[in-house]
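Lettered A, B, C, D and E in written order, each chain numbered from 1.
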C-alpha cells in the first residue's frame, strides 16, 4: 500500500483547514458587524460554493487559476508557480468548498459573544488584536470548534473540485478521496475500502481530539 | 428552458431538509445526553458521510437500497416501490450528505440550552413532547436555523451521491445540480450558467427568509 | 397502449440520442423515451445494482461486458443483464490526441508522448471508456501509464469533459479523447489513433434482459441503425457501423 | 397541605441532607450561596432525584427510595418559581400563563376565562401580548407566579423570588408577593439569602449550611435567639466568638479574649456566644456590665446608623485556625483577623460620633447575649 | 485628577444627558435600573461614543464632538469595573491581572513582581492558578479590581460592584472595597441602585433618572434633605406627596389630603413634600403637630422595625393620573392606590405593636418634612 494519498490528504486538509479557519473567522467577524442587507447579500455569495456541484466549483476555480487566466498566468509567468495540477491545487479546491461551513458556524458564535469582555479589554489598554485572539476566540470556542471540525471533514472528503483542479496523478496529487474513487471505479473495492477505513481513523482521531479539547477547557 | 430540474430540486431539497431537520435534531438531542465515549464514537460514525467522496457515499447507499439488496428488494417486492433511479432517490442522497451538518450544529445548540426552562415546564405539568417542541426548540433557534440553512444548501448542491442513486434522467430525476453538471459537461455553458443563477436565487430567497426569521424573533 | 422506454446512454451521446429520441417519439406517439446520461461506468454500475433499464448504449465494450454474462474477463461478478441476441456494435468513434489552441508544447503526434516535450498528459481513468483505449495506445507507443506516473506526467480524469476542460485551459499539455468529444468541445485534434494502436473504438448497444418492453426497445435500437439516425450520428463525427 | 421531606443526595463533592416538615405556612429556607437551597426545591419538584429518602405531600408519597416510588414532575403538582423565573422566552405573557392550564385539558372558553381572571388578579392587564424580555423584573415575577397559581399546585416553592430585582422595585414586589401568598393559604417554601426578606415573609425558617437544613424555628426565634453559629451568621449576627462554659453564669469568649457574665443558665455544651451589632453599646451609657476596652478601627456611616469596627484590646488571642472555617461552611473573609473585629451599630442621632483611632470601652448587655450549642 | 463630563447621547428611544464634575473623591451615581448609569460609565471609558459633548480628565480632553477628538478606550487610562466583572473566562487569575500591564510593555521580571505585589495586597494569594468560575463573587471582584489597579488608571469607574454578591458576602466585600478606594486616593465613580451602599461608600452622589444625572450633592444632604422627588425616591424616602404652597409656613399635601404646618420658610416653587418612614410617628407619643387619622392597612415585621402601611382617612382624594408617573421615570407600582399609602417604621421594642385594621393618628414632625421643588 502506497501511503502517499494519506500524507497528501492530511497536508491538504490541514492547510486548507488553517486557511479556512482564518478567512472564515475574519469574514464572520467583519460581516457580523454589517447591516442586515449587506449581510444578506454576502451570505448568499459566500454560501454559493455549497449549492453548486463541486466539479462545477472546480471548473469556476480553473477559470481563475488556470494558466490562461490572469491570476494563474501571473503566477506562472512571474513567479514560475503553476497553480493547477499540483498537490497544492487541492488546497484551493478544499478551501472553496469548506469555507461556507466555517463562515456560517463562526458567525453564529460571534453574534452571541458578550461584548463587555471586549470593552473591558479595551479599557485595560489591550490592543484589538490581542482582544480578538485571546478573549473573543476562546469565548466563542464551541462554535469555532464545530466549524473547524465540519470544514476539516469536508476537506478530507472533497472530491469533485479537487479532481478538476489538481487531477489524479498517483504519487503527485492523489488524495485519499480521489484514490478511493479511482480504486472503486477500477473495481478494486477491497483497496478502496481500506482507504475508507483510513479516512475513518483520521476523523476519529480529529473528533476525539476536539472532544477532549472541549472537555479540558470546561 | 425546461423548469423540471427547479421543481425537482426544490422538492428534493425541501423534503430532505425536513427529514434531516427531524433526524438531525433527534440524534443531537439523544446523543448530547450520552457519555463522552459513546458520544465520541457516534460522532465519528455520523460524520463519516462528510469525509467520503459523495459518489462513494452514493455507491454505498446503492448497496443498501438497490433492488438486489435486502432493503431495496423488500420495498420492491412487497410494496412495489423502487428506491433507486427515481426522483425520490435524490432525497436519500441529499439526506445522507447533509445529515452531519444538521446534527453537529444542533448538538452544539442543545448543549447550551438552559435546563431550568425544561424543568419549569415539567413542574407545570407540560408533557416532555410539548416542552421539546414549544420550549427547547425555540430557545435553540439560532443553532438550528444555521444547521438547517447549511443542510438545505448542501442538499441543493448535492451532485455525486445523487447521480449515483437517482441518475440524470431529464424530466424524471434531473436536479439543478445534475443539470448544471450535465449541461456543462456537454459544453452548453450558457445554459449551465443560467441554472447556476437559479440556484443562486433559491439560496438568496432561503437565506433572506432565514435572516428575517432571525430578526423577527428578536 | 403506451409504452415507456428507459434508455441508458453514455454521456458523450447526450445530444445525439436526445435528438433521435425526439424524432422517434414524434413518429411513434405511443412511445415515451426516458434517457439517462452518465459515464458509461456509472450507468453500468447502476444497471448491475438493478436499475430499470430497457436499452443500454455504452461508450466502450468494457462497460457492456461488465453486465454481459458472455463478457469474458470484464465481467467479474457474473452479472447477467444483456439480452444476447440484441447486442450490436452501434457506432465507431476515433481516439484523438488534442492540445490547446495555440499550444506551444510542440506535441503534434502520439509519438511525441514518449519524448521530453511532454509535461502533463490527461487521460480518462480506466472507468471512462476512452481511458481504456488511452492505456492501450501508451503500451503501443512503448511506454506505460505506470512509467508516466513515476515521472509525474500523467493525470487521470473522471470523465471526458474534465479532460477537455483541462486541455482547453492549458492546465495539461494534451489529452486523449474521442473525436466526437473534440468536435463538440471545439478542439482541433492533432493526431488520430490508428486501429493498430488501440483497435477499433466500438460503441455497443443492447436491450436488457429483464426489460418489460423488450420488443419496443428492440424497435428503437433498430431505428438507431436506420438512416435518419445515421445522419444525426454522422453530424457529430460518429461512424455508424450497421 | 403538609409536606414531609427527608432526603439525601450527593452530587460531585457536595452532599445534601434535608429533613423537615411544613404545614399550611410560609416556610423560609435561609442559606448562603451554594448551600443547596435550589437543589432542595428541585428535589421536591422532582427535577432532581434524591439518592435516598422520602417526600410526602398531603399524605401522597411523591418519592420513596425504598418503595421505588418516584412521581414525574408533571404528576407532583408542585409549583416551583425559579430564581430567574424561567418564563418561556418565545411566548407572550398570555401564552406563558396558558401553559399552566394544559395539564387539565380544559375547554378553550373556560381556560381563557381562567387566564383572564388571574391576569387581572395579578395586575398584568395590558401586558398580555408582551414577551418576557419586554417586562420589568416585577412583571416577570408576577407572570411566573400567575403561571404557577393557575396550574393549581398543592404547594408553592419560591426560589429567591426577589433577588433579581433592583432595590427600588423590590419593596413593591415584596408587598404584592406577601398579599398573594396570604391569599393562597396552602404551604409555601421560600428560599432566600436575605434574612430581612425571610423575616418579613415567613412564619418559620430553617437555616441551611453546606447542604444541611436545620430544624425550622419561628423567624423571631431564629433572629433573636439563634441556637447555632450558622443560624446566627445567617440571621445577620455580626459578633460571634467561640466560647467555653466556666460556671453556670460565666463563660469564656475565646475570640474576644474576655470572660462574660450572664443572667441566664449557660447550656453545658456551649460552643459559641454572639451579640447583635445593635446591642453592643458604649459603656458610659449607664450599662457597663461585661465591658471590653476596644480600639476603633473604622467608622462607617449608614443612613440610620454609625457603624464602628472595634478591635478588642484585652485578653490573649488564641492563635491558629480560624474558627469560622472549622465550624461552618459559609463563605468567609480570607483575612481571619477582620472577622475578629467587633461591630457596633449606634443609631445616628443618639450620641456624638466617636472618632477613629480612639480607645473606647463597650459593654455587652448580659440579657442580649446569645448562646450557641 | 478631575473629571469634567458634559455629554448627550440618544440610543433608540432612550436619551442620556449628563453633566457633572468630580475631583479626588468617591462620587456615587444612584439610579434605578435602566436609568443610564452603565451607559454613562461606558461613555467615559470610550466604549460608547456620545453624540455631542465634552469629556475631560485631568485637563486632557478625552472626547470633544466639536474639536473631533475621540481617544480610543486604550488611550484613556480609565479603569472600568463591569457589573459582572468581565474577567476573561479562559485565563487564570494571574493571567487576568497580567493583562492590565500589557499596555506598558514592562519587562517580564518587573511585571511579575508587580502582579505578585497586587495579588498580595488584594489578598488573592493562593488563587493565582484559578479560573474565574472557580472563584467566589468577592474573589472575582477583587481580581477584576486588581487588574484595573495594576493598569494604573487615572480614574476608576465601578458599575454596581456589589450587586452580584449574595448578601452574606456583601458586607465583607464592601468593607474591603472601601479600604482599597481610600488607599487609591484618585477620583472614583461608583454606580449603584442601592442607596445604603452609596451612602456608606461615597462622599457625594448624583441621582440619575431617565438618562439625566442631577447635580452631585454630599450624600448626607441627599438622604436627609433631598431637593427633588427623584432624589427622594432614590434615597429611600417612602412617603412622598404632591404639594402646593399655601402660605410661607403652610402647604397642602395633595396626595395625603391634608394641610401641613412647617417651621421653615416654604420655597415658592414647591411641588412635593416628603417624610422618611422612620420619622412618621404615632401622635400619642407627645409630638402631635400635623396629625392625620389613618387606617392601618398592613403590619409587616422586620428584624428591627415594625412597618405599618397606613391609609390617610381625612381630606379629599384628587382622582386621576398618578403623580409619580408624570414626574419621574422610575418604575412604579402598577397599582396607584398602594403608592398613596403612608409607611411608618417603628423601632421594634419602643412600643406595643398596633394591630391591623385599627385606626391610628400619626403625626408628621414639621422639622423632618422635606420640600421638593
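A few remarks follow.
Just so we're on the same page, a contact is a pair of C-beta atoms (placed from the backbone, for glycine too) under 8 Å apart; a residue touches a chain by one contact, two chains touch by 3 or more.
Given the structure is predicted, the values throughout are model-derived calculations rather than measurements.
With steps allowed only between chains in touch, the distance from subunit C over to subunit E comes to 2.
The chains touching subunit D as well as subunit E do not exist; no chain touches both. The count of contacting C-beta pairs peaks for the chain pair A-B.
Centre-to-centre separation between subunit B and subunit E, using Cα means, comes to 55 Å.
Centre to centre, using the average C-alpha position, subunit A and subunit C are separated by 35 Å. Multi-chain contact residues of subunit D, defined as those touching 2 or more other chains: none present. Among the residues of subunit B, those in touch with two or more other chains are 59, 184. Those chain pairs judged to touch are A-B, A-C, A-E, B-C, B-D, D-E. Interface residues of subunit B facing subunit D in the complex, by the touch rule stated above, are 114, 116-117, 119-127, 130, 134-135, 138-139, 141, 217. Residues of subunit D that touch subunit E in their complex: 32-33, 123, 136-138, 166-169, 171-172, 175-176, 178, 193-196, 199-200, 220, 223, 233-236, 238, 278, 298, 300-304, 307, 309, 330-331, 333-335, 338. Within the complex formed with subunit A, the residues of subunit E that make contact are 42, 45-47, 72-80, 82-84, 86, 88-91, 99-100, 102-104, 147-148, 151.
By the touch rule above, subunit C contacts subunit B in their complex via residues 6, 11, 14-15, 18, 34-38, 42-43, 45-46, 49-52, 159-161, 164, 184-186. Of all residues in subunit B, only 59, 62-63, 66-69, 72, 82, 84-85, 163-164, 167-173, 182, 184-187 touch subunit C in the complex they form.
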